[in-house]
Amino acid sequence: MSEDLHWKTAITSVEPNKVRLRGYSIDELMDKVSFSQAIYLALKGELPSPEVGRLLDAIFVSSVDHGAGPPSVLAARTVASTGAELHAAVAAGVLAISRFHGGAIEEGMRLFQAVARRAAEKNLSEEEAAREITAELKARGGRASGFGHRVHTQDPRTGRLFGLAGELKLAGPHVRIARTIENIFKESGKPLPINVDGAIAAVLCDLGIPAEIGNAFFIIARVPGLVAHIHEEKTRMRPMRKIHPADFEYDGPGGRKA
Amino acid sequence: MSEDLHWKTAITSVEPNKVRLRGYSIDELMDKVSFSQAIYLALKGELPSPEVGRLLDAIFVSSVDHGAGPPSVLAARTVASTGAELHAAVAAGVLAISRFHGGAIEEGMRLFQAVARRAAEKNLSEEEAAREITAELKARGGRASGFGHRVHTQDPRTGRLFGLAGELKLAGPHVRIARTIENIFKESGKPLPINVDGAIAAVLCDLGIPAEIGNAFFIIARVPGLVAHIHEEKTRMRPMRKIHPADFEYDGPGGRKA
Amino acid sequence: MSEDLHWKTAITSVEPNKVRLRGYSIDELMDKVSFSQAIYLALKGELPSPEVGRLLDAIFVSSVDHGAGPPSVLAARTVASTGAELHAAVAAGVLAISRFHGGAIEEGMRLFQAVARRAAEKNLSEEEAAREITAELKARGGRASGFGHRVHTQDPRTGRLFGLAGELKLAGPHVRIARTIENIFKESGKPLPINVDGAIAAVLCDLGIPAEIGNAFFIIARVPGLVAHIHEEKTRMRPMRKIHPADFEYDGPGGRKA
Amino acid sequence: MSEDLHWKTAITSVEPNKVRLRGYSIDELMDKVSFSQAIYLALKGELPSPEVGRLLDAIFVSSVDHGAGPPSVLAARTVASTGAELHAAVAAGVLAISRFHGGAIEEGMRLFQAVARRAAEKNLSEEEAAREITAELKARGGRASGFGHRVHTQDPRTGRLFGLAGELKLAGPHVRIARTIENIFKESGKPLPINVDGAIAAVLCDLGIPAEIGNAFFIIARVPGLVAHIHEEKTRMRPMRKIHPADFEYDGPGGRKA
């Protein structure tokens, strides 16, 4: 074979008895960093501070599961119910994490970045830029990704995430822009509170994550939840049952404190 | 419709402004637990101690990526290279985590549990039970899952994981059994060191995880690594390139200390 | 690169301006054979007669769609509803074609082959062998794959498929064995008519298809049906609707004759 | 549950002992139509003529396999090699049928439809409209989907498909437009022959298929080829081998005539 297919990768080096992620020995990382920090290292190439690790933990915890109703859970349970193996059911769930389910993170990131860029390019205040861009969005008949929720009027996860970002001194311009847009909606008489996807979007922007992998944070967070549902489906339910997408009831432990 | 499709789930309850995972408010969990602890809570139903959280962090960090060669990475990069969306490439990677790739965790768990059960049922020492079962395995022409590695003669991740389990007082009978089997192989003149999958299998048994979700820990750990490879493929490589499965070179940061 | 990864394949050769499937020019095949014949050629390596092509057409037509209720359709529609691309929704549907959905073809093939083998090995009549094997199955608490249906007491597709196999002189020992087993169930007072999966299984055995690709015939047949459902979901339904698995109604053209 | 989730579908009705696709009894269809005709019926809602069935057969046969090099095959073989089940490997292959692999059918259809629309709207000849649109495409730095091929200077499948469309009196304006664009490229001194995807695109437009399911024809055609590769991988190759994407050799039957 003459064709040269040699290629390069900057993620992980593997030599006998030595595995290095972005230059760090995996065995040393096992000792010193959390899973969330290792995820950031894998994706961004640099080790985050413990504070960034804490904030990422909060992001992942916020999205680990959201009940049995989301399409990713229904797709995963439907496949699990046919007797498919675990990985096949997980894959089906991941395939349902798409534009309208999880996609608000990437779209929210693009919105907040557009406001920041507009403010910089036209020398506007963030509020002026936000007013321009939300007006343009409205004129096009679009809606702002990351705002509003079918169930929650005040998503408890949003407050906690922004609170934590503040406490850890990690909230920056994009969190401020998200708040500014929320205020613009409130003034307009049609309040649309920031939802958890919007809050994650703002925080990821401030952490320097590129928008095109924004949804990866949702996928990474949700895979464990999918596994929990698949395992429950396989161990508690009868195969091939018809899975109602809304008529289910929680019968787990009652409310308790951590 | 007369058919009653009402069903029950014990994972997450969702009410307006209140999301509870296994009874715990998600916003409280965001404040108090790590992603790894939340994963354990989702899968097992109970909050783990911080020590268990630390050990799970080490498990997930150990498996977050293993370079560009594993089939899950090649499948994910191949799909990414066709212009597919992130979630499609992740799903293809997950589909490659199967019997011969990642599957050693579940099989290793079943091996260690079989030894423990044999010892209890026949009132044998763990070593006697391990000798019986490895002899039976050999007689059937099988091999012990979780032992031996193509690249590593002494997997650095194994030592670190068992070391940490010991320090945290979380190593129990299954870690002991894994060591016993390794010794039996060494005595036989054909040493087969415990690999990282075998070490994870032993630790998960001691943490009370059921074998049938053993591979989920590998899937959960590896999804972030897959995302890193997909992102690199999409941003650094030309679409539709032919992806050589072995002729690649690491060109990231040199060795450094955390 | 020193490692020799050279490998061989016997399916298709591609040279400039010449593509040959199993030795036949694709452009000549386009002229002379049907899709079903080309599928057989791809899978078995030899061109089937037109009669075999006809029988395969009937198999694929029989399974092209079975309404909106099967899990493959629900998984595909659920993913389509999130805004995912066509191929992602098809993949999710294929992942639901598994042990309990479509899997009866492979299992039925193994059953009929087991009866044929038993008759040959123990020099029994097919009926004696069938009685032995169904009795053993019953003793183990198993059930015969390919018999019985939730909805149809006499699946119209079964009769048509066996009828056509007879007319085309392509019904052999496995179709006979399937009938024999059906009679044994009828005598026992618990009639379990052959269903369409069982009929396909018997015919595929007589066509010399190996059991391990039996389910491929179901997958190949059903992908077009999945596409029809995905397209309907994307063009007729609102995104992210909750998809009831049973409470739907057919509103297409009334009964008509081909 | 009060929420009304009742919905409607116009594809298939299922009643006891009666399955109707778009109003036609499946058992009658089994007798009278080919798989290709049934696919058209499922997707378009009406039974095609035998001539349309023949042309569809030629389309599907043309794309059933294209050797071991395409990413869909490499993804499917990679997953199969890990010991995954057939459906998982098929799903991975389908996930690789995306923008740059198979996607030229949909894009080609949009191109040919754009030319036809431009000609109608601006009262231009098809050639004038084609010149305008290809010039605009060039000015934007785009390239015409469906033209040119890495391996074939004159794809034998293109000539056969257009020839057959002509013989069957099924070639219409879009086939003419495709030829017109090919001529424009030839005049320009940079000949880009219509490839098989472009030819399929033109024919599907003339058959009235909507562009958004154009790629479905590629997926449907290719699934059998994927199954052939998966089966060969599982029966002929060793698990977990490193699959070279180009260094393979055909060792099947030599050239032969149908």
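The chains carry the letters A, B, C and D, assigned in the order they are written, with residues numbered from 1 in each.
Criterion: a contact is a pair of C-beta atoms (placed from the backbone, for glycine too) under 8 Å apart; a residue touches a chain by one contact, two chains touch by 3 or more.
Keep in mind it's a predicted model, so treat the numbers as computed, not measured.
When chain centres are set by their Cα atoms, the one at the greatest distance from subunit B is D. At the subunit A-subunit C interface, residue numbers used by both copies make up over half of all numbers present, so the two copies contact each other through mostly the same positions. A separation of 22 Å divides the Cα centre of subunit C from that of subunit D.
Subunit A and subunit C have Cα centroids separated by 40 Å. Subunit A and subunit D have Cα centroids lying 35 Å from one another. Taken residue by residue, subunit D touches two or more other chains at 1, 3, 5-6, 69, 84-85, 87-88, 91-92, 95, 97-98, 242-247, whereas all remaining positions touch fewer. Residue ranges on subunit D touching subunit C, taken from their complex, read 3, 5-36, 38-39, 42-43, 45, 47, 56-58, 60-62, 64-69, 85-88, 90-92, 94-95, 97-98, 151-157, 159-161, 164, 210, 212-213, 215-216, 219-221, 223-225, 227-229, 231-232, 234, 237, 241-244, 247-258.
Remark: subunit C residues 1, 3, 5, 84-85, 87-88, 91, 244-247 touch subunit B in the complex. The part of subunit B that touches subunit D in the complex is made up of residues 1, 6, 69, 71-72, 74-75, 78-79, 81-84, 88-89, 91-92, 95-101, 103, 239-240, 242-246.
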